[in-house]
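In this document, chain identifiers A, B, C and D correspond to the written order of the chains, with residue numbering beginning at 1 in each.
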Amino acid sequence: MSTQKLKEIIKQVLPDVETVICWQEGFDKLNVTPIFITSPEQVDKVVWNSACAQNLASYLPSQKKKVAVVVKGCDSRTIVQYMQEGLIDRNNVVVIGMPCKGIISKKKVQKAIANEPVEEVTFTDDSIKVKTPSGEKTIAVKDVCPSKCTSCQFPTPIVYDHLAADAIESDKPADSVYADVAELEGKTLEERWAYFAGQFDKCIRCYACRNACPMCVCQDSCIAETRDPHWITQKLSFDEKLMFHMIHSLHLAGRCVECGECERVCPMEIPVAKLKKKINKEMKALFDYTPGVNPEDKPPMYVFNVDEAKIKEHKL
Amino acid sequence: MAEKEYAYFCGCSLEGTAKEYDESIRAVMKALGVGLVEPDDWSCCGSTPAHTVSHVLAAALAARNLSLVEKMNKDVLTTPCPSCLMAFKKAQHGMTGSEEFKVEVNELLDEPYNCGVESKSSLQIIYEDIGLDAIAAKVTHMMPDLKVAPYYGCILSRPPEIANFDDPENPVSMDNVLMAAGVEVADFAFKLECCGAAFGVPKREMVNQLSYKVLEMAVDAGANCIAVACPLCQQNLDLRQGQVNSTMGSRFNIPIIYFTQLMGLAFGMSPKELGMDKVFVSADKITRRITKAEYEKIKEEEAAAKKPQKAKKEAAAEETNN
Amino acid sequence: MSEVASKELRIVGFLCNWCSYGGADTAGVGRFKQPTDLRIIRVPCSGRVDPMFVVRALITGADGVLVSGCHPRDCHYTDGNFYARRRLEMLKRLLPFLGIDGKRFHYTWVSASEGQRWQQVVTDFTKQVHTLGPMHQK
Amino acid sequence: MRVGVFICHCGSNIAGTVDVAKVAEEARKMPGVAYATAYMYTCSEPGQKEITDAIERDKLDRVVVAACSPRMHENTFRRTVMKAGLNRYFFEQANIREHVSWIGLDKELNTKKAIDEVRMAVEKVKRNKPLFSTSFKVNKRVLVLGGGVAGMQAAIDCADGGLEVIMVEKSPSIGGMMARLDKTFPTVDCSICILGPKMVDVAQHDLIKLHAYSEIAEIKGYVGNYQIKIRKKPTYVDWTKCTGCGLCMEKCPTKNAYDHFNFGAAPTRAINIPFPQAIPKKATIDPEFCRQFVKGKCGVCAKVCPTGAINYEMQEEIITEDVGAIITATGYGLMGIENFKEYGAGRYPDVITGIQYERFLNASGPTSGHIIRPSDHEEPKTIVFISCVGSRDKSLGVPYCSNFCCMYIAKQAILTKDHIPDSQSYVFYMDIRSPGKGYDEFTRRAQEEYGAKYIRGRVSRIYPKGKKMVVRGADTLLGTQVEIEADLVVLGNAVVSAEGAAQMAEKLHISYDTHGFYVESHPKLRPVETNTSGVYLAGACQGPKDIPASVGQGSAAAAKVLALFSKDMLESDPAIANVNINTCVGCLKCVKTCPFQAIVEDTLRNGKKVAKVIETVCAGCGVCTSTCPCGAIQLQHFTDNQLLAEVNAICQK
């Protein structure tokens, strides 16, 4: 594993930065949490394994001084998007890239071990061995990974200053990215409505998805909770739940970097990212734009062409 | 297997009076690598009489054939006859423009027509799909005595919103096709003039007068041949040329040849194969052919003879300017 | 007309002040008869129309939403409708994915002089929404 | 909150198809409504008094009037509520005439719709905030775009009124289309004789600054304060040295340059002064034809110029002028002859356009006033004029009448007879449109005194026959086909918008119609204003117009500018964007999308980055408001909550 190299890089960059944002072990080995390293002694706490799910780049816009951050390939798109939107100063960020072959979804692992308490976890490159009171179980990462890993196009970060392991090429076909969207598109209007109505009705409006989203820049000013403007009431009705998810999706139009944090943190297991992925698919079709890939790109909703090649006038 | 393949509707005229049009099109298309497939069991396009009686019934006659094309999984139908073409285009225009009309027409058909076929004249296919370069590449022979007035007739490019091809007032497609085939083309002002059309039966004198004007203008333009793309035009100008002469006191003897026949001659095909023997006013005297190589040699010699004069003239001009 | 009159549906229109609202006025002045389902909200520019207004209207009871602005290049604010075009096209493509028929939402361009075009847009869109019927309840 | 609702009958305009009493009754039930009534004519003086009285009597603090379109009377009623002491933004107008009573047939449904419109207005007005204008200084200089007769009239009137005028003309001389004309109808007086003095006035007026051979590069700013960038195109002649002696033109060896002034009626020299009365009377080199540019050698004009004014290295120059108002008088164009395929599309030299013929008639034209046939320079005897060539022809995209062709064709027929007494003119026409003073008499004179033969019908084809052009058309009065063997055919080709009219409109932020003509603010009551305050229209840029109408509009536009500039300070529209610095997260997406660059980044004292609106630059489009994810930037008077209130008023499950 490349944990050792990661630690070396962190030690190397630490003197130049205020803090290094990385992962550490949480209350058990399946739960990894962020660590903000400010002194060399903390470096030993650093872990790198398939449980390192958090998108640490999310912390960047709120940093006032120069920091270093460790990112997986998927997380790096967040940095690129921040650069496109001018939300970070690239000169103030040291990016430590961590090539990644896939992470695990805690929820899927827990299901695989029937929600038993976790006693010990051993990580190998492509599997994890979980020890529970009823015994040991080896699970392949690909069987419990979040859906984003199954179509991962960027196993190696797009931007980085240091790379903590050898770069990896994607072995997933490009058209697999929107396979789930395409599958839904194949259904009827009524089936899709039934699907989304069922999913969004589960929402408890905890806003965890919003809080985890790296692109939700509004922080405390989120219009889901303001009276001025009063887009949405506090009523826990389906309409208001749907409205909230539409607000989230529309605000992320052409900006969602598909890091999957919203779905990872959702306690109700709502496929929160689906609508955003659909918009991304359309952004690709309309403007040949994929969020968080090229720092020189401009998010399509903030620019225009006088003659839009792909937008045709709609007839009644 | 041909490179391109189109559904082909020859229509009734091309099975009879305009046999040579059909023969020459098939020959030329084959040479150009285009396949033509006739729909099985095609029927009358509706022609001129049908739409004067009922638009719905006329459209149904046309749509029946179009639905056959749909069944062949073809989305383009080509027909050499402008009258058939207009019948198909009008049916298409009416049925796509109005859902009501479409339903009305389809009620009359065994197999409904879903409006998935675009009809194009064979001239359009040759001009747009095959292209001038491909035509020029096939030319083996030149006809140095020939000067042609291209005559389009009234409905090949009109009305523009239905025909949707070439310029409605000054079409140039046949001019360009013939020029690509190495044929000299005259500037002909009566490209679209009425030949008299189907009035040859009820009002023969009128047709004679109208045809006379077209023939006269062609001769005035210095042409010794009129190229046509319509069986009816051909008939009025060729078959009735004698009638014109006797009623108008003229002495026209100008061959009326389908543009595809001229293309075929330029491609080196035999006059027999192109049905050149089926026209009334013979074109034998004006269609003397020499090979392209011979022609180019003559041209080179002519240019060489002119060159010293030209150079001298240019030098003189330069001097006066400075 | 009788079909429309028998049962009105709720259609919300967002019209830019300079072109489409003027076009609707022109239609009125010309007495170009239209179905009565539409309720018009005046905005300065189609660029002011946040797609969330459309969503809010559709979620809270509208059966159809129509947005109309100045023709591209003719925006009173130069670029407003260019932004609108991108945003509304995005929404137009998203709605059916969610299960809301895209035909319930239409965006178009009508200038202040196009009274007849406005009549046509309203008539056709109202007809289109009526063929879909009332918006589904959850 | 106490809202007053006033429903206008508008005579029977509204009350005829809307149950206004029912609307008032329903309005009374709406939350917050303290008073509701219906009145015969709310906009009348007693109607307005009804409103002010009610505000006082019922202590109303918000007012809704349900009447005609707010585009009609919003300002009227805003002034009314202001008179009664309310802020003028505490007013909303529900449009129940144009959008309800005039378009719906069913009274019951109309009434229902009117009630909804009132409910929306009530909900909106309850959320309206008092807004206050700020004053700003006016730059009392005016830009006149175009030096044709309309622009010149506007410039002279403004300057006579004491305003500084900047005139920008794209061609080398002012004068426009009128300078090209030989005579004017219906008086048949010499065009340049009456225009010339005006041109001199423009040139010599102390307050008019002329930029000829120049174009607008950029327009920034707003009413009262525009910054104009003017591109002075290179003439390759130093105009400060050029005396207009014309020696260069005489000696220029390139004799085949396209003559823009003569519309190509004959070729000209590559260095030329467009016409003898040109102002400024200076030479310009056409680099498209000049040998020095095309071949890289010649230099004849530089050799012969007595003042050494020729400068082949001249570059374009951008200058800046600040003005407070703009008069647009950019004129019109003519449809190209290539569109008329049935008339030969320019292939026949003896088929020419009306303006080319005008140049042949003109004593200072290419033939010194001799009518010739371009093909062989012989004098034509049979001349056919065709009117409505392109005009009133939907298939060419010109459904409108070009306004003055009937008249100039009559004039040209008269002049033809004067020039060539043994000539015969024929005029093919659709209708004779001569509704001006003395106009119809004039067309009768052409026929009765000058023997022009008028044939009512269209020409279907023109074709050559020997040296003649055969014009074949229909005579619809006789019901026959006619063929005329003409020596010369003159086409009255359609008037179209000026080249680049659309791009100019985009620079000016004004509307143009599908044909490229500029749209006035109101077709009847505001004919020279545009929807952009500070920009006015004069002449044919708004639609085909003859000389008297263009001159009238020039003066009208000047009067509007003089009225605008009669105040030293202007009031700003307070309906602009406003940033809530508490909720702004400083993502600055609004800065990216603002079409006017009216939003900038600002840093608060606590170091927080926020957006800031430059009030005078903001035009109030609201693109920022729909861009802002957290609703921190709100377009005043069209805030999210105000629009949501309207949505909620109609969408309730």
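We take it that a contact is a pair of C-beta atoms (placed from the backbone, for glycine too) under 8 Å apart; a residue touches a chain by one contact, two chains touch by 3 or more.
Model, not experiment: these values are computed from the prediction.
Chemist: With contacts counted as defined, which of the two, C-D or A-D, has more C-beta pairs across the interface?
Modeler: It is C-D, judged by the count of C-beta pairs in contact.
Chemist: Between chain C and chain D, tell me the centre distance in angstrom, where each centre is the average of that chain's C-alpha atoms.
Modeler: 29
Chemist: Which whole number of Å gives the spacing of the CA centres of chain A and chain D?
Modeler: That pair's centroid distance is 54 Å.
Chemist: Indicate the whole-number Å distance between the mean C-alpha point of chain A and the mean C-alpha point of chain C.
Modeler: One centre to the other, that is 36 Å.
Chemist: Cα centroid separation between chain B and chain C, in whole Å?
Modeler: Here the centre of chain C sits 49 Å away from the centre of chain B.
Chemist: Going by the contact rule already set, what residues in chain D reach two or more other chains?
Modeler: If we look for residues of chain D contacting two or more partner chains, we find 593, 627, 640, 644, 653.
Chemist: For chain A, what residues touch not just one other chain but two or more?
Modeler: Within chain A, residues 231, 239, 301 contact more than one other chain.
Chemist: Going by the touch rule set out above, which residues of chain B reach two or more other chains?
Modeler: none
Chemist: Draw the chains as dots and join the ones that touch; what shape do you get: line, ring, star, complete or other?
Modeler: other
Chemist: What are all the touching pairs of chains?
Modeler: Every pair of chains meeting the touch criterion: A-C, A-D, B-D, C-D.
Chemist: Given the complex with chain D, which residues does chain B contribute to the contact?
Modeler: 160, 167-170, 187, 189-190, 217, 220, 321-322
Chemist: Could you please specify the touching residues of chain C with respect to chain A in the complex?
Modeler: 50-52, 55-56, 59-60, 72-73, 79, 82-83, 85-87, 89-94, 96-101, 106-109, 120-121, 124-125, 128, 136, 138
Chemist: Chain D touches which residues of chain C in the complex?
Modeler: 1, 5, 8, 10, 12, 17-19, 21-22, 24-25, 27-29, 31-36, 39-45, 47-50, 53, 56-57, 60-62, 70, 73-74, 76-80, 83, 87, 111-113, 119, 137
Chemist: Inside the complex, what are the residues of chain D that reach chain B?
Modeler: 253, 341-342, 345, 347, 395, 461, 463-465
Chemist: Given the complex with chain A, which residues does chain D contribute to the contact?
Modeler: 580, 583-585, 587-589, 592-593, 627, 629-632, 634, 639-641, 644, 653
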